[in-house]
Amino acid sequence: MHRIPVGVLGASGYAGRELCTLIADHPGLELAFATANERRGEALELPSGPVTLVATEEAPVAGAELVFSALPHGASAEWVRRVRAAGPRVVDLSSDLRPGHGANGIPYGLTELNRANLRGAPLIANPGCYPTAILLALAPLIRHELIRPGATIVADAASGVTGAGNSPRAEMLFGEVTENFRAYAAGNEHRHLPEMRATIAALGGDLDLLFTPHLLPVARGILATITVPVVDDFPADLQAPWAEDYAGEPFIVLGHDLPALRDVTRRNVARLAVRRASGLRQPTLLVFAAIDNLVKGAAGQAIQNANLALGLPEPMGLPA
Amino acid sequence: MHRIPVGVLGASGYAGRELCTLIADHPGLELAFATANERRGEALELPSGPVTLVATEEAPVAGAELVFSALPHGASAEWVRRVRAAGPRVVDLSSDLRPGHGANGIPYGLTELNRANLRGAPLIANPGCYPTAILLALAPLIRHELIRPGATIVADAASGVTGAGNSPRAEMLFGEVTENFRAYAAGNEHRHLPEMRATIAALGGDLDLLFTPHLLPVARGILATITVPVVDDFPADLQAPWAEDYAGEPFIVLGHDLPALRDVTRRNVARLAVRRASGLRQPTLLVFAAIDNLVKGAAGQAIQNANLALGLPEPMGLPA
Amino acid sequence: MHRIPVGVLGASGYAGRELCTLIADHPGLELAFATANERRGEALELPSGPVTLVATEEAPVAGAELVFSALPHGASAEWVRRVRAAGPRVVDLSSDLRPGHGANGIPYGLTELNRANLRGAPLIANPGCYPTAILLALAPLIRHELIRPGATIVADAASGVTGAGNSPRAEMLFGEVTENFRAYAAGNEHRHLPEMRATIAALGGDLDLLFTPHLLPVARGILATITVPVVDDFPADLQAPWAEDYAGEPFIVLGHDLPALRDVTRRNVARLAVRRASGLRQPTLLVFAAIDNLVKGAAGQAIQNANLALGLPEPMGLPA
Amino acid sequence: MHRIPVGVLGASGYAGRELCTLIADHPGLELAFATANERRGEALELPSGPVTLVATEEAPVAGAELVFSALPHGASAEWVRRVRAAGPRVVDLSSDLRPGHGANGIPYGLTELNRANLRGAPLIANPGCYPTAILLALAPLIRHELIRPGATIVADAASGVTGAGNSPRAEMLFGEVTENFRAYAAGNEHRHLPEMRATIAALGGDLDLLFTPHLLPVARGILATITVPVVDDFPADLQAPWAEDYAGEPFIVLGHDLPALRDVTRRNVARLAVRRASGLRQPTLLVFAAIDNLVKGAAGQAIQNANLALGLPEPMGLPA
């Protein structure tokens, strides 16, 4: 089968490397180039063999049909513009073009919520990892108008360290993270909030979001524990909103068991579970969402979106 | 100095071993005996040298001035009764005699909230680990009537594996816990809830508690992330309620930085921090509390209570 | 394509589960049944969907063309006999039929050393994890007669916890293994020694092996650090013996960089590297071998052997 | 009691921080100053309260009776000279003045091997972490002439990440170290070798050392697994050489059980165990040594040496 040539800008970070690995295993894609300015000339070992990293300036962009940008936030937008000018489609993994960041009209690649706008799209803003988990959990409740109007949604989430990238920082050394756990950006200070708020507004949600991320001593994975005050006449079948909205979705698993990171790591899947809180005066649900931050939360979802943009079968090349 | 003889029932579990270690380093206490039915005859290695474990039935209870019971929930109450009948004071680390468990009038050993009733007490019910963290965080807000009446408090907490004891269970094997994270007992199903609810009621709180515990891939430590809707006229100095109530407390550290497990492990301390949530319609605080589940959440607090019961200086022998 | 029906005896252990997962992803095999006496009736979640576990007694053995036995050592041999009597070929992952264990003439499935005897074989004894790593490292040196005659080979190896299985044992709890490291079975007491000695003898080696295993706080992987006194006229090209013997091998990677567990986990590969020790009077090499104990050290190699037994391409279905 | 004022140069690294913590808990020492150029002005939190870090240039060196240098290798020697010129005694934790590094006549602070030269010493070269473990294990065998003359000693050792310091390096990020294990500096390339060789020579050893360090996914601790060909008439009581040489040593524990990192972390102790290798033609021992690299392997031993230099009881302030 003919493989479509694609490129990766920023292949030395965790998400970029994961992308290259997924592309190497993808039956419909071929890695035309991978860039990493600081490691140019070095070989990136992939299942399909080594690939020599080039500088971003030197990437043969025009030879690709689609380019993934895993460049840092702030640096990506300009490169996206340049690549688009040269022709290829782009899936941008940075936050530069996501909802809430000033850009308008760029399809948001939270695939299950926005698929119609992603087919054949020339440019897609791939979601952040926390927003992927939290918005997939909340969207059916918003759409079905099941959240108590004006309620505060408490989203406490915990992520593995790869979510913070692989630039050397003292606080991310093994000796600092092992046997440790802590919150950060508490009080709604995280840079993923605008993306979540804009998407919630676009879905028509009347709610306040309080998002508190935590750093886990694991390499991969996000678990979001989300508390949702719901309307009094919430369906007796707790899972109904998600079961209905996500029926047939290949990458969403709605289960009874509480999801664990182990259930989702290295897979392009979001696992969801719901519990009713007992003993409270207000009807309240707990919604749990688990993803691999590097797969469904980044590179896997980017492939899912690239498949849609290129007209390939959406699940192609993705570990479910 | 004369050391007061004390005993430990149930010394082979994590809390019991921690107790024995703390007693060995305590300048005012002497370990008269330590029991462990399944390991009777074996030596327990302590900083002060080895101690031979005896069966609980054979423990020379009457020779101790105070006995700690670290026996399992359900089994402890009967032994507490027997020890009391023989004379010694008791600090019971099980949940059998705690608030919300049917027993009445037994002083609850959440030391900072109940010190007056613990001095010279013949019997003290030592708190659970999660309740210690969560109630120390909430008590000043309840006492100062700063919580929005009828509000739901969301307490998402994560604990290291020693909170689950050291009985062999497949789900607690290293291969299952490493690189993993998950909630459990979700929906207000945890056995520590009655203890928290009864204490909140005793403090006069008009609130609903939603408590969701999680299992961390670490050995020790609990971090609670607590979301509290507060009254409109909350003090401008966010920390004031805790600063006032806990002024001079040797084992409570109120800081600006978000507490991490690393800050508290192996120390008899609770670290607290407060943040105001931005961007919400309702004024809402985040309160963070970190403790070592085996120290301030179990054995350390038990020593703190034993010091009070025996008339010793409260901080004696405790790593702060 | 027609998929060949295969079965797995003992699917609830780590190796058995890994086998089922690999079979689910294998384009030429179909999982006809999976047994687990204590979990009969439960569903085993696989990438291809759930499979209901059955009791070993009830397994439809005759409907399979090949059966993998991942039953415990001691219990496996009798089941291998029964399955063979019913017709199917068998790959036995236990130690019961391996060299050095009393059985004779059963092909030893250290694939790269014994391929000719594995093609079409009705019964294969799959190697242990430590022997796989250590024998792949040593075999070229033995065959090329490059080890100093009569020398002692020091093989210090470290394994992740899955090598010890998933039966609950207190010493394997997360709380006991995290932040820990220790040797075990020291002084040549490990049950894998007979297998290694018998294979070394069969290869014609005149050497003494001193094998010391260690327990690592990781889930998967073995790294063996092997010190080998060599002959005075060892080739100037240190890697030559391995490069020659393993030329074209799809699952052996001979590199300059020292192998790390990360390089091999979840892949059916053995990574080898060689270093000359400086500053010693006797010429001495260090040979490093890394494998995933559950893949190349167990289930992956079992698939490799099954492919040979069934006449399928050897690398089929295996992540390299 | 009067506390002797001491200072710490280089207090922001792992060893420097451990030193400050040990000094804070030491009944005979008082921390007069702690330096850290890049963090000058920041507070170092200690059990005794916060200490403000100063630049090394600004340290009130002359006010201390003893100064510990935990400055980097290469930078330390010059500061040691300056401090000595100002008067105070010095314990230097860097490798600059250790045996094998060109300096002569400076007492080597491997306390148990060299105590007589450390009492009242104005300057002590504190040993490296690996040398501490390996030399304590080997010294009795060398002194009693029990090693087969000219033999190669294989010392495979594994260390936690704090041995590599806390400067940010990509390969030490949590995401790179967790679930990983690898050797480094293989082939006798480690910078601790000259120190070990010089000390072995000074003890009269006729042996070759092959030392291979490994990086463990733990924060603290070193385990050395040492293979020693011994003389034919080795004592029947395997432990005799160590039992005799280390009789009464407060910080050496010779046990039957194989030592684990857990047995030694946060304690100033070296645990040793010995095994005879079975099935070899040459009589061979395995000697195991475990220490905490930051305590007995660095800061703890430095305190032990400072106690001797200052005339304090050797075990004062040290957790055994």
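Which chain is which? They are A, B, C and D, in the order written, and residues in each are numbered from 1.
FYI, a residue touches a chain if its C-beta (ideal position, glycine included) is under 8 Å from a C-beta of that chain, and two chains touch if they have at least 3 such contacts.
Please read these numbers as outputs of a predicted model, since none were measured by experiment.
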Going by the touch criterion at the top, tell me which pair is linked by more C-beta contacts: B-D or A-D. A-D
Which chain lies the greatest distance away from chain D when centres are computed from Cα atoms alone? A
Pick same or different for copies chain C and chain D, depending on whether their interface residues overlap by over half. same
With chain centres defined as C-alpha means, what is the inter-centre distance between chain C and chain D in Å? 38
Between chain B and chain D, what is the gap in Å from one C-alpha centre to the other? 37
Could you grab the centroid distance between chain A and chain D? Build each centroid from C-alpha atoms only and quote it in angstrom. 46
Give me the residue numbers in chain C that touch at least two other chains, ranges are fine. 160, 176, 178-179, 217-219
Show which residues of chain C lie in contact with chain D when the two form their complex. 150, 152, 154, 156, 158, 160, 176, 178-184, 186-189, 193, 197, 208-210, 212, 214, 216-221, 223, 225, 227, 229, 258-262, 265, 275-282, 284, 286, 288, 290
Once bound in the complex, which stretches of chain B touch chain D? 47, 178-179, 266, 319-320
Help me check something: in the complex, which residues belonging to chain C touch chain B? 14, 160-162, 166-170, 172-179, 217-219
